[in-house]
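Quick heads-up: structures coming right below.
What follows is subunit A paired twice: with subunit B in the first complex and subunit C in the second.
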Partner chain A sequence: MKRLLTVSICLLTLITSTVFAQEQKMGEIRGDFQTDFQLYQEDSLIGAPPVPEKFLMNGYLNLSYTKGDFSAGMRYEAYYNALLGFDPRYKGNGIASRWASYKHKDFEITAGNFYEQFGGGTLLRSYEDRSLGIDNSIDGFKIIYSPVSGIYLKGLVGQHRYFFDKGQGIVRGADAEINLNEMFEKWKDKSLRLTFGGSFVSKYQTDKDPIYNLPENVGAFAGRVTMQYKKINMFSEYAYKINDPSAINKQIYKDGQALFLSGSYSTKGFSALLSLKRIDNMNFRSDRTATGNMLQINYLPSLTRPHAYSLSAFYPYATQANGETAVQGQVTYKIPKNTKLGGKYGTDITLNFSRVHDIQRNAINDTISIGQSGTLGYTSPFLKIGDELFFQDFNLAFGRRLNKNLRLIAEYVYIVYNPEVIEGHAGNMVHAHTGVLDLTLKLKNKKSIRCELQHLYTEQDEGNWAMALIEFAVAPKWSFGVQDIYNYGNSNSDKRLHYYLLSFSYTHNSSRMAISYGKQREGIVCVGGVCRNVPASNGLLVSVTTNF
Partner chain B sequence: MKRILLIIISGILLTSLHAQKAKSTIPSVTIRNLDGVQVNTADFSNDGKPFIISFWATYCKPCVREFNSLTDVYEEWQEETGVKLFAISIDDSRTSNNVLPFINGKGWEFDFYLDVNSDFKRAMNVNLVPHTFICNGKGEIIWQHTSFAEGGEMEMLEILRGLLIEEKE
Partner chain C sequence: MKKTILLFIAISAIISSCDVIEPPYTTTNTGQDTTTNQVVQKVYVEYFTGHKCINCPTEAAQLKALKSIYGDKLVFISIHSGAFATPSAPNYLVDYRTITGNELDANFDVTTISVPNSLVNRKQYEGDVVLPSAAWGGAIAAELLRMPQAAICLNPTLSGNSIELKAGIKPLAQIEGTFMISAYIVEDSIMSWQKNNNIEIGPTPDITDYYHRYVLRTSMNGTFGDTLFCPVAMPTDSFNINYSTPADPTWNTSKLYVVCFIYNKETDEVLQVEMKKIK
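Up next, the complex of A and B:
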């Protein structure tokens, strides 16, 4: 393996040098660094575990070289050891990815690690999200070709990255997309815009299971349509997967399905959006034994609003790939400026609602229980919604500029959260009401003060929380912040704790250093419905990012 | 592993020796506009005038603050410098269908694009959003900045004015 890597990098360097020798012209080198390190203090009160190393660090370096149609790059990663909350199998250092690519007009070929997404990603999405410790890049070959304007073809073969190694399974995929408005001259200026797409993805993994006879090749396909007509936009994607018993679905032989529908109407100052989703047994990984966030072939985002304020984001939703039915609606309206309600500058109002239920599951017969391993698991009528509520979010937000220098955002969020399903442990359904006030005051000489006041009310879980933040910034370089999150409503008086946090950041162009010192509550960090648990911690966190 | 690193570092040093002090240009990546049409980012231009490329997301509060602030001054800036703003949303398929309704709801009037799998973000070595680049009329990147605080837009205006003076000279 190492020899292969060495040879490929030698080749890369050789090609690069040859290119220089031939043309004596420099290509472009780009790169970026990120390093996060934390000094940990034990804090049994908040449940911060002892860290034997005291100091943990994650580091990343991306380097790429481009010369005309040719480009190549690599990523170096180091974990000494991985920060708490990241998978500890990220250990030591190594070249996490390396690639070379040639792109000429409508043709592109890549060898090595690459990222890709077919349509909405319901069937295939390979991506990186460092905050979640996700990097499911595919190591292999990828070809993209557009034979005529409006037709786009993609093909790929490879294996997923698995920490500093590769996953067992082989992923093969093809995608075709036709954009009628680009393809036909007559359609070019039509108000109706139509795009069709179709994908096929299969994985191969040997079957060594002593009990079950498992499919070694698992195929899946998907179709999608995007339509735009004047102010109306619609997107739909349907995916189907053949039986794929795995650790996640508890070895059932049921086929999988996913349907996603989204429609919106929008005009200047007003928009309405409605989305629907149904997932049934659609966990799709290149290794049937994989769990957590590893080796995922497809991407099933949650149909809920991502919250940005600390207390609103206390109870985030994570997609249940084994089955869920979800709906989300949103209306946005800008009350025009210079009106009684809108004020001098206008007022933004956003109303958002989402609700996620289980799918309806019926027993196959009297002798097989629902979800029993080694069977077809259950039957599920497509249009019926299961009784169990997983998650609900109703939120209303106002944004208004009060005068030339003062902006106000006010938000109310009501969340119903099922910890048994989302976190996988017993617990009562949580009903949480959160209010947020965010005021930004612009001062002279690029200075500003921002203040956040938040309150979360709930009779379940850890009870009520209050939060206050003051941030002083001197744009574009300096920022200082002080915040406290106080669990004053905890039913256990010993746990009515303050989580103080001091923060500082210095930004110079594209380089940024952020330092924070204080306590971090145990919680879940989620991006796009994919989550990771973050344990409680107390200490100094430093994050440095730069690019060149 | 050490050998591999040694080769890479030698490679970089070798290339650095050849380095000319050229400004970076915009890499060629395929993204989509809001009509779903594929666009090559290397073709971004503004008729010889400077332009801004700004990476953002609907769920990123500082990004929204940045665009609100820029909206207040955009018309004036366009008159003064002829600048154009290419706004690149990195919303993935969870929220990408909300980008157009979101923009319309806010009343923003920039040139919007979707980078749903962050291909362009990676190619531009963007770590965090908001991240803003200013390019001169030739499409060369002459300034970039990550994060946003109120008043930060004034530095951008200073850079754009500096570009105008350079061009006149």
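Up next, the complex of A and C:
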């Protein structure tokens, strides 16, 4: 690995110097750095685990080189050691990815690490999300080809990245997409836009298990339709997977299915969205023993609203790949300006509702219990919804400029949260009501003051919380903030703690430095239904990013 | 056109890549060695768990299934460590955590990844040392294919409240490196509360009379043991060790076992393990 790193750095230095020497005639280099480091203080009161190193760091460097149809790149990563909450197997440093690609007209080929998504990702999505510690890039070959206008074919083979190594399984996939409006001349100007797609993905992993007869090749396929007609958009995708016993589904041999349906209508000042989802045993990983966020082939997004405010985001939802039925609806309306209700500047209203249940699971027969390992597990009628509630979110948000310089956002969120299912530990169903007030006052000379007041009421879990934040910014460079989150309603009086946080950020051109000092409560961070646990911590966090 | 044909061939090859498994889904291999006078390779599993870990009874059942296949060739101990092992009122007041368990957890980064997980001979299997349940079977099977390189003979006794151990270690081949010896005390079948989410195993969300198997109680010679030999041991060599440790009065001495294993100090990999009941 060290040799590879040295060679890569030498090559890049050589390329860089050559490029600059020849006044960029040889191509273009782009890149970005990011380093996050944290100095930890012991704090047993908030449950912060001891950090023997005291100081932890995650660092990333992306470099890419482009010349004409050719491009190449690499990513260097360093973890000394990984920040709390990230998988400790991210350790040391190394070249996390490297790739070369050639694209000419309708043909593109990539060797090395690449990211890809088939359709909505129900069958295959390879992506990076640093905030979650996810990088399931595929190391192998990828070909994209468009034989005629409107037809797009993709094929790939490779292995997932697994920390600084590769996963055990081999992923093979193919995808075809037909866009009728691009394909047929007479469809080009039609209001109806139609796209059809189909995918097939298979993984290979040897079977060495002494108990189970495991499938070494597991295949899955999916079909999708995207339709757009004037102001209406519709998307549907169905996926099916053959028997795939794994650590996640507790070694059951049932096939898997997923169905996504989404429709939206959008016009000036109004939009409406309705989405439905059913997942049944659709965890799909290149290694059947993998858990956590590692080695995932597919991506199953949650049909819930991602909340931005601290207390509203206390109870996020994580997609349950073993089975769930979800519905989400959202209506956004802008009350016109200069009306009695809308005020001088208009008022934005967003109403969102989502609810997630288990799927209906029936025993196969009298002798096999539901989900029993080494069996088909259960049967599940496709249109029946299970009784157990996993999650519900009702939220209403208002946004309004009160005058030229003052803007108000108000939000109410009511969440019902099943910790046993979502977090995997015992606990009562949480009913949390959260109110948020966010006021931003613009001052002279690009200065502004923002104030957040939040309150969460619940009789379960850790009880009530209150939060206040005040932030002063000088756009576009400086920002200073002070916040306190107070768990004043904890039933244990010893745990009625304050989580103070001071923050500062400075932005200069494409570089940004952010510093925060204070306490962070234990919680979960989720992006699109994929989550990671964040342990409590107390200390100084510095983050530096730059692009070039 | 050539590109299209190539893609078509590739897609066809991928589509044919499906193995549909028909019942029975499990094998009938017992794996048990019936020979008695022969030294066999044994495999050592350190199972990290916690009484508040809701998934653990299901995973422990997996370990029991493997134990039923491999019998005495599989030696496992349960190490309670991490957030799911902390005591809490009103029902989870027992503290099964130990200094040894906590140090092992910190050293191998087990519970920070997830719980439950296991170490199988503290050896990397398919890229990982910390293994989830689905990997245990493969890792154990792979380890048991190795030829035994050492034999361990244990003679534990209980004298008053003192546990005494006399052990003899005999290399069966030339072994190079620094090798350590560790001796742990475990208590079997401790009945207490355990969180559970599997009705197949027991009541949910709490099993009030759960039997915790082979729970690590203490180490006789420190978490990481003592040096047994360095830099080489020959088949003509033999090593004898003596350890003693006090038995805690809360332990059920009739359920105590000693687990003794040899491991490579550089790689952490366990070479051989033996387990014997004390009383």
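Everything that follows uses one rule, which is that the second predicted complex is superposed on the first by the 524 of 548 C-alpha atoms of A that agree within 3 Å, B and C clash if a C-alpha of one lies under 4 Å from a C-alpha of the other, contacts with A are read in each partner's own complex, and residues count from 1 in each chain.
Rule of thumb we're sticking to: a contact is a pair of C-beta atoms (placed from the backbone, for glycine too) under 8 Å apart; a residue touches a chain by one contact, two chains touch by 3 or more.
Given the structure is predicted, the values throughout are model-derived calculations rather than measurements.
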**OP:** For A:Asn428, decide between first (touching subunit B), second (touching subunit C), both and neither.
**Re:** neither
Original post:
Should A:Asn403 be classified as contacting the first partner (subunit B), the second (subunit C), both, or neither?
Top reply: neither
Original post:
Which partner does A:Thr339 reach: the first (subunit B), the second (subunit C), both, or neither?
Top reply: neither
Original post:
So, A:Thr379: does it touch subunit B (first), subunit C (second), both, or neither?
Top reply: neither
Subject >> Contact breadth on subunit A, by residue count: subunit C or subunit B >> reply: B
Original post:
Can A:Ser491 be said to touch subunit B (first), subunit C (second), both, or neither?
Top reply: neither
**OP:** Kindly list the residues of subunit A that each of subunit B and subunit C touches, one partner per complex.
**Re:** none
Original post:
Given the complex with subunit C, which residues does subunit A contribute to the contact?
Top reply: 52, 87-89, 107, 143, 145, 147, 153, 155, 162, 165-168, 172-174, 176, 200-202, 204, 208-219, 242-243, 245-247, 250-251, 253, 287-292, 369-375, 420, 424-426
Original post:
Across the complex, what residues on subunit B touch subunit A?
Top reply: 1, 3-5, 7-8, 10-12, 14-16, 18-20, 22, 24-25, 27-28, 35-38, 59-61, 65, 68, 92-95, 97-98, 100-102, 104-107, 116-119, 122-123, 125-128, 131, 143-152, 154-155
**OP:** Report the residues of subunit C in contact with subunit A in the complex, numbered from low to high.
**Re:** 3-4, 7, 10-11, 13-15, 17-21, 24-27, 29, 31, 52-55, 58, 61-62, 65-66, 69-70, 84, 106, 109, 112-114, 126-128, 130-135, 137-138, 140-142, 195, 197-200, 205-206
Subject >> Residues on subunit A engaged by subunit B in the complex (per definition of touch) >> reply: 2, 5-6, 9-10, 12-13, 16-17, 20, 24, 26-32, 34, 62-66, 71, 74, 76, 93-95, 103, 115-117, 120-121, 125, 127-128, 152, 179, 181-182, 193, 195, 226, 228, 233, 235, 262, 264-273, 275, 299, 301-303, 305-308, 330, 332-334, 346, 348, 350, 401, 407, 438, 440, 442, 445-448, 473-476, 479, 505, 507, 509-512, 528-529, 545-548
